[in-house]
Structure formats: structure tokens, C-alpha cells
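There are two complexes below, and they share subunit A, which is joined by subunit B in the first and by subunit C in the second.
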Partner chain A sequence: MSLRQKNATLRGLSTGWWSSSEPAPGKPILFFIHGFPDDAESWRPQFELFEQAGYPVIAPYLRGCGPSEPASDRVRYSRDAVVLDHLEILREECRTWGEREVVVIGHDIGGMHAWTLARMLGPRLKGLVLVNAPDVGQLLRRVTRPKQVAKSSYIPVFLVRGIADRWFGPEADRSVRFARKKGGLTQPLPLPGDVSSLLEHYRAAFRDFRRVLFQKPDLVRAPVLAIAGKDDAFLEVPTQQEFKGYADKVELRVLEGNHWLQIEQKDQVHRLIQRFVEGASHAS
Partner chain B sequence: MGKPRFRLYDEESLAKLARLQRENAWDLEREIDWAKGIDPLKPLVALDGDALLFPGASKEQRLAISQMMGLVIAAAIFEMEECLIRLRRECWEAFRDRMPVGPEFSDLGELFFEEELKHSTAFKRYTERYAELLGVELSELLAVLPSLENTRTEKLLKVDLRTRGQTFWWIVANVEQEFLRIHHALRPFKEQLDPLYYEIHHRHFEEEARHVPFPYLVLELLAERSPQPFRFVHGRADVAAAQVLQTLWTLSSLKRLKGVKKLQGVHPFFDTLISAFPILESMPAPQVVWKLLTSTPYVSSLVNLNSHPKVRKEAQARGAVVLPFPEFEGKPLVRY
Partner chain C sequence: MPLESAVQRISSRLSRVGRLPLLSRVSEPSAHAVSEQDAQGFLRSQKLAYDCAVAIGRELQPGWTERRTADLMDVYLRDHGVKTFFHHSFAWFGDRSSFQGFRHYWDFMPSRSRRLEEGQVVILDTAPVVEGYAGDIGFAFAKHPHAELARARSLLLAMRQELLDLFSGPAPTKEIWAKVDQRIREQGFQNCHEKYPLGALGHRLHRVPLPNLRGVGIPFTLHAYWSLLSRGLFPEVLGPWHEGEKEGLWAIEPHFGNERFGIKFEEILIVKDGQAAWLQEDPPHMKLPEGFY
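This part shows the complex of A and B:
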């Protein structure tokens, strides 16, 4: 079995992703969505392990990152547009693998895309895993938590076009290293290059804030596993109450660790996801 | 202080504890021999040389004092455990959902409350049977025993819990230790005590020994996740608040024993007990209070944190203010 990077023009834009070449029959697809300021490589410590165990894995590069071409139309960064890209990737792979259940796994802002994909998959969704990853609505509602407001103080800067784009543009390495250091990443992780387009994902999500705050999201009925770092520099640890109205069955795991748990606590996260996927978790 | 054995997010150790609890839980109906009944000629607890606060009491009076103290302890246990159940929403459910809690800890919490309900049922049933033996209604007997429901103490605890206070759980931590201590005090006298009473205490002890970590886990959660500035204030003040409330409640509960005078003539047990009251009444009140705080078996160890060094150390390690209490004098117990 081996992983290969694929590229295709999906919905008019070049899109890249990693996927397994020969997954074992019957296993659900594990769909890994990265966050900021990362790319699909941030999930490699996990998707390699699962791929070796025979799971079909997909790890896309979010729109504007790596081989996924940036879009001139900012609408293509919205959650609704990104989920269509992801559904196209799934359709592409399922031509070879056949229809399978999907476990969606998101980190950081990848989490909000993971929630959106989870809602769109309906009965095909076997489970949703969130690693340091609240949904946009959950994050917005934390405005009453002073610590979260302090931790999210960088977001308003990200929302204003022109400032953060310089920091995370072609000379992004220094800024990415700074962000990763702040988030407690000590393990090596390849630098993603220009990630300024990933800022558009933040902007698109916050443009949508009225819908996020005032419209009830569709309930995710499949089990959800939320993994949080006790010392996450950017996110407060979630509570069960935050998931009311979002998901029926939530297993919450708090690990000693910071923001990049899938790398820093690789074995623990792997074990939790594996157990969850095999259906032995508390939430199932 | 060494590293705690159980940590809030350590799923393996918490799951193991929950499994241990489930596998070893006893059944209230099948594993306690209720059919054995109560032996009215046997004491319920061992006493010290002074029969608690009645130096010079006669053999008959010592028996009655022992039986009354046994009933007081049983009532204190079921009142505290019923209080836990009554305040379950405030002391557990309200923050279980609002604070990050893993499934194993949640599970432990459910087990904890299940077992506390079982314990309170066991002790209350024993008290009910004792009331039948004495020819009084349960309510008449309960009127002279400790009570917590709707008291000022309970109301204050509720208020404290609403601001994510820790007072309640410090009381639970202390009381858990006291329950273990009571069993250790009774064990050497097992053959002499009422068998049913001893059996209930023994079963109680088995499960309470496994409950000991739980209040500390809750306190850890409150200490980490309660909103500021409550967290700071409660962290510093609530052990002292627990000490004060526990002392006041214990002293006021003992005052209720005066109500036994109303039961004169109902049963020789009450008459014998009342005949011992002048011994207590002849002592100056400050002397009585001093003895209650320092050297009365089953009472001093409940109110004086110096008798529970583990709880005291834990409190100090967390930066809490611990009120100074006089040195605790653990007196040797003899058969009643």
C-alpha cells in the first residue's frame, strides 16, 4: 500500500490531495482536513499510520494551499464551496474504491470544514473527529469567555485584508514558525510556503456570522470525538454543553498538550481515533 | 505530596477505578442479611473511658449512649448522603456539562451517586428498624438525630455551589475520610457490636474506600475550570468555610439530642439515656465544646481537620486557608 499525491481540476480549479492507492475492502474512508497555517502534511503522522492499517485515507489541501489553486472568487473559500470541493474529491476516489462510509477528521479551521462535510454526508457519515477544532458557531459563542477572547485576539487581524497576508504570503516561513512555536509545536513539520490564501477561509467564515449565530445548524447524528489540548494556546477546552444542538453523541477527550496534538501526542491521538473508528468509543 | 494516582483526564486509571467499583459493588437486598434483625442488648459503637461526654456513666447508661451514638452516626451518614443526592444538580450536573469532562469521569460520577443512594438507603432502613424496636415512629426518632434537609447549612452550601464553590466537596472529602475512620474504629469490636449495624458499616466502608478520589477530582476540575474571580476566592476560602459549616452543623445536630427528654416513658432506652443527661449538664459548656472539638470519639474527628492529615495536606497543597484547630486527641476505645 502507498500514499500518492493526486491532482485534478474539480469545479474549475486545480485541487490537490493525498490518498491511499490500495485500501482494504470494507474499511471507512478517513478524510483528514488540515488547519492554519498548515497544509495536508500536518496530518501525515496520522494518515500514514491509518493507511498502513489498510484504511482508505484522503487528506486534501484546502483551497489556496499547496497544489490546491487559489480562487479569485472569494466565495470559493466559504464553507459551502469547500464542502463541494471535498465531495468532488470523495466522488473521484469512490470511483475506484466503491461507496464507503466516511469518518471526517479536522484540525483547527479544518474543523469547521469537517463539521460542514459531516452535515452534508448524511447517512454516509460514520463519525466526526475534531482535534483542537471548534465549529465557527461554537467559537463565536465563546465571546463570553474572557480567556478565549484573549486567545483569539489574532483573528480580527486575520480578517482585515492586507495585514496578515504579508506575514503569511511568500515570506511566510518566519510567521509560520512563530505561530507553531506559540502553539507548542516542537516536532518537525514541513513549512507549507505561502498560506495567505488560507486567511480567506477565516474571512469567509466570519462573513457568514449571521447565519452561524442565528440559524440552528443541522444536528450531526453520527458519533463525534472531540480531542482538545489542555494547554492549547489558541483554544479553550470545549465542554459538553457547547455541543448541544450540534451533535447527539459526543465523546470529549482532553489531553496534556497544546495545539498540534495530532503531531505532539501522535500515539495517543492515533489510539483515540482508531478506537473511535472501530466503533468501540463511548460516543458510539 | 506525591503525584496523585488519579488525574482528571487519565482515562485509563479512571476507567479502571470505575470497573473496580462496578465489579465489587454490593447489592443492598441480597448481600446484607436484613433477616438477622437487631440485637437490642448489643452496643452499636465502642466508647472511650468517658463514654464520650458522660464520665462515670453506669453500665446500662453506657449501653444506651453507645446505641444512641450509633444511631447518630447512622443518621449523619444518611443525611449527608441524601444531601448529596438532593444537591446532585448543583454539585454535579450543573458543571459536568459546562466543564470539560471526559466519559470516564462522567461515568465515575454516575456510579458515585448511585452508590451514595444505596448507602443512605441502608442506614436509613436500619434506623427505621431501630425505631420499630423502640416503639416509636421513625419521624420521632429522626427528630432527635442529625438532620441536614432544609437547614441553613444546606442552603448555604447550595449558594456556594451556584458560584462553583468548593465548600461542599471539601466537606465530602473530609466526610469520606471520616467514614473510613469510623469503620476502623469499629472493626476491633466487631464481635461485640450489633451484627447488622457492623455489617452495614463494613459494606459502606468497602465502597467508600473507592470513593475517596472522587471529591478530589471534582475539586481539581473546579480549581482549573471555574470562572475567575470565583476560582481564586473559592480556592483560598472554601476549606475554611467547610470547617466552619461542618463544626456548626455537628454541634447543632448534637443539640437535637435534648429532644430525647420528650420520649421519656416511651421505652427504657430513652429513660436510661435521659438518666445520663445530668452528667453532661453538670459540665461547663466551654468544657463540653472543647471536648467535642478535641477528644470526643466520632465527633472531634469529624470537625477537626487535624484528625485527617491527608485532607489537610491536600488543602494546603492547593493554597487553601486552613483554620487552626486545637490538637486532636485520638482516645483509645473500649467496649461500651
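This part shows the complex of A and C:
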């Protein structure tokens, strides 16, 4: 196995990510973006398997988490700032790997960053995979679904500075365990430590709500695979209709399971992503 | 001439605003005399602006809209500590880079519907304020070899040297404007900078007061309006009728093109004791970065 954790100062801030050191030629980059309250380790069960199969993988730590230092200026948590960080990581890796196509894969709030990155890659985008991960606009439009409103009742608390920061700060372990238990995670997953800075991603997305609600999102023209858990404690199962205006070609898969499908249904998710990636590669 | 006298009257009245008792305290002295410290301040601002244009230009992909591109430039600058702007970022693609069909002020705004297509020429233009120093740059490029653009760039770079000679010579500013216009037309291009407000071939740049105040205004901020209006506006903008000193600091932006594309650069020119020099020796349009054409 040739995965290594890298650190670099990108756009003025220390940023960390996992990447392959010896990818096979010709395979697309798989770019895994984690959610809350996790770090890049939450994708390890998947990116290790793909790395062993020769895929170049990248799994960044989101701004404010692990080796990706928190930013004092909250603008650095906006989707636009994060996508510039991710493009910079891709550029760093492509210096060694050469230019390659990219499949972007996101979980939870990593999904909103995955949508943003997918829209920026142009013809380089081979596909977008979302695991328990609606786009921000899709989630906001679920305000008419009472069950989703109930499941998202934690979000307003996250938006208020000072409350959730205590729960997910230096003594985050208990809160993280609670959230994971509620989300149906039974498999071991390393605790990420202080993830209070990740709350800024929610706050930044909320500050951007005008653009989200009133501007048409850019259509993603590459294939999209959306994987949802039938019993997701935080998200209602998406409908095909929800993707209208977001993507041209969407494959929706609903699995038995809760919120951490990439770990709890590891093999099934792996097969789905692998088939999707191979299908997207062959279609190019 | 009635128009000239009207311009002089308006200019004179506007410049009195900056001399009002309280307001004069927030207005930095004119940049007509540029100290070494000021020059370095403006240089920092220019370099950051060019870094931004190159960084975003490098990531630019077919399918991006002008609006998205300009927004990402603003994000890049904010991520680097910029709190306010002289003007927010612009991005123009294809025939919009030569302002084809532009009639109104808002036509210049980056378009939400114009998407970059393969092979198109791009102009990125941004003007951050860094530690109070306003910068203003323009950078034109294509992401693939573009023979017409290359020919236009040769003319543009020759013009860069000619501008030094003109500003160092005896010709008044409106004559400089006319000579540049003539040069452009002789080469078979359209003069695009004449479509800017007041036909600006260039404009003054100054230190701005209250640089930590977040910039309000689109695309020019209140900082910019104050900067220009409080000094009479018309002497600050080098248009076809300009009358005034050449000494001091200018942002010079020759811009020309045809029906398919436009090209420009925008750099700071300092005229001191009758001698003109570009502030920056190595802007990206002098030696294009890898991947830019």
C-alpha cells in the first residue's frame, strides 16, 4: 500500500490530505470529501480499496479539521474558498501524476463541497458520487417535508456560535460518539478530536443562502451516483425529481442502512462506486 | 467650447468636496508625488492582483460563467486578506472581451449566462486594495494556442514601450490618447478602451481611506468613487479630452480588439520629473506563465 498523508501550505494555510504515491497510469483520480463530525479517515475503508486497485486517490481534511488548520477569517469556510483549496490540492498532485480526469465523491456536508468541485472541473469531471449527501439547495427545498425538517433540527443549533462549539470542541469525543450512534455507525472509526471548526462550514453555507435559493445552480453534465440510506437518521431518502436542474444523468440507489453507508455497507458501496467509475471511464 | 467648460466647472466643484473640513481628513493626499514607500505599496497590490488572475485563470474551465469566474477572483483576494476593492473583479470571454454590443454601464458586468468555450480569449480584470493601496490589473489570455491573439499581443507589447516614450515626451495627455487610438486603428483593430466610462485609457490610483471597511458598491466601490470624485473626477481619468498633469501615478489600460476577441493589459505607470517607468518589470503578459497563450 502506498498511501501517504501530505501537508502543504496552500493559499496561506496548512492543509492536509491523503494521497496515493504510485497510481496506475490512465485511471481517473478519486477525490473523497468527508463530512461532519468526521475527518478524512471516514473514507479510509473505501479509498484504501481503490488505492490497492491502482486508482490515484485524494482524501483531504476539510478546513478546520485535523492537519488542515482552522482559519481565523470565516470566509475561508465558504464553498468557494474550499473549492479553491481542493483545486490547489488537485494541482499539487497532478504535478506528479499528470493531468487526469476526476471522480468527486462526497459524504454528508462533504457532499455540498463535492457538488461545488464537480461544477468547477469542466470536461475533467468524469462523475460525481454522493453518499448520504444532498446539495445545500436540495436540502433547503426539503423545508416542505416535515420529516426532513425534524431530522435537520440540529442544524439551527449548529448555526449559533458558542453552543455546538462546546459540544464538538476539545471534549468532542462524547458528542461525536453520540452523533455516530444516532447515525447508525457501529463499525470502529477513529475519533477525529476537536471538530468545532467544521461547524463553520454549516455557517458559511447558511450565509450563502441567497445564492443557493435564488440562483439556478450550474448543471452537472457528467454522470451522478447518489447513494442514500433507507433509515438515515439525518436525511430523508432523495427523490429523482430533486435532481432536476442539478444534474443531467442521475442514478439513485437506496440501500438498507443509516447515515455512514460507506463504512456500514462498505462492500456494497464499494461495488457501486467501482461499477460507476468503470462505467464513467468506459463512457468517455 | 461649451462641453469643455462644463467639464471644467463640474470637475472644479467635485474637487472642492475633497477639501471640505471633515472630509479632507479622510482623504489621502493625491498620488501625484509617489514616494518609494508608496510605490512598494502599490506594487504589492498589483502583484497580488496578478497572482489572483493567474491562479484563477489556471483553473478556468470551459463551462465556467463570467460571473462565477469573477466571484472566485474576489474570493481568492478575500482569502488573501483583501477587505475592499477599487473595483470588484471582471471576467469577459470571447467577443465580450472586446465589448461587442456593449451599450450600457451594466453590460460590462460579468455575465451569468456567458460560459467559456474552448479556444476563447479571456480577459480578467481586478482591483484589490491592499493595506490601503489600490491596485488595478488586466490580463488577457487563451488556454490554447491562438494565432490572432499572439499577433495582437505583439502589438500590445510594442504599445507598452511606446506609452513610456509618450509619457516621457512633451505630448499632452489627450494627444497621447489620440496617438494610441490612431495606432490601434492603423493595425486594423477597434479601440475598446474608448467604451470604458469616460473613454479611459487610464486613471489615477490613490491610497484609499478606511481600507479595512468592507467595500460597498458594484462594480466600483465607494472607496473608488470617493477616490476619483473628491479629486474632480475628470482630471483623474485619462480620456480623449483629458487636460492635466502627467506627473504621478496612473493605471494605464490600452484595450483593443475585433469582433471575436479583445486584448488588454493594465499596469501602473509612474511619471516622475518627466520620466515614465512601469512600476512592475515582469507582469504575466510580458512572459506568459505555462499553460497560458
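Observations
Following the convention adopted for this analysis, the second predicted complex is superposed on the first by the 278 of 284 C-alpha atoms of A that agree within 3 Å, B and C clash if a C-alpha of one lies under 4 Å from a C-alpha of the other, contacts with A are read in each partner's own complex, and residues count from 1 in each chain.
Convention: a residue touches a chain if its C-beta (ideal position, glycine included) is under 8 Å from a C-beta of that chain, and two chains touch if they have at least 3 such contacts.
The shown structure was predicted, so the numbers you read here are calculated from the model rather than taken from an experiment.
Superposition of the two complexes onto subunit A shows subunit B and subunit C fitting side by side, with no clash.
In the superposed model, A:159 makes contact with neither subunit B nor subunit C. Contact with neither subunit B nor subunit C is seen for A:140 once the two complexes are overlaid on the shared chain. For the combined model, the angle formed at the CA centre of subunit A by lines to the CA centres of subunit B and subunit C equals 120 degrees after rounding to the nearest 10. By the touch criterion defined above, A:191 reaches neither subunit B nor subunit C. In the superposition on chain A, A:94 contacts neither subunit B nor subunit C. Of the two partner chains placed around the shared chain by superposition, subunit B is the only one that A:254 touches, whereas subunit C remains out of contact.
Contact with subunit B, but none with subunit C, is seen for A:230 once the two complexes are overlaid on the shared chain. In the superposition on chain A, contact is made by A:239 with subunit B only, not with subunit C. In the overlay built on the shared chain, the residue A:124 is in contact with subunit C alone; subunit B does not reach it. In the superposition on chain A, contact of A:49 is made with neither subunit B nor subunit C.
This overlay, made by fitting chain A, leaves subunit B and subunit C with a least C-alpha separation of 27 Å.
Across the superposed pair, subunit B and subunit C touch subunit A at no common residue.
Chain contact summary for the complex, subunit A toward subunit C: residues 11-12, 73, 75-76, 78, 80-81, 84, 87, 91, 120-124, 215, 218, 221. If you check the complex, the residues on subunit A that touch subunit B are 146, 228, 230, 237-241, 244, 251-256, 282-283. Of all residues in subunit C, those touching subunit A in their complex are 55, 58-59, 61-65, 68, 71-72, 75-76, 78-81, 112. Those residues of subunit B that touch subunit A in the shared complex are 8-9, 11, 96-103, 225, 228.
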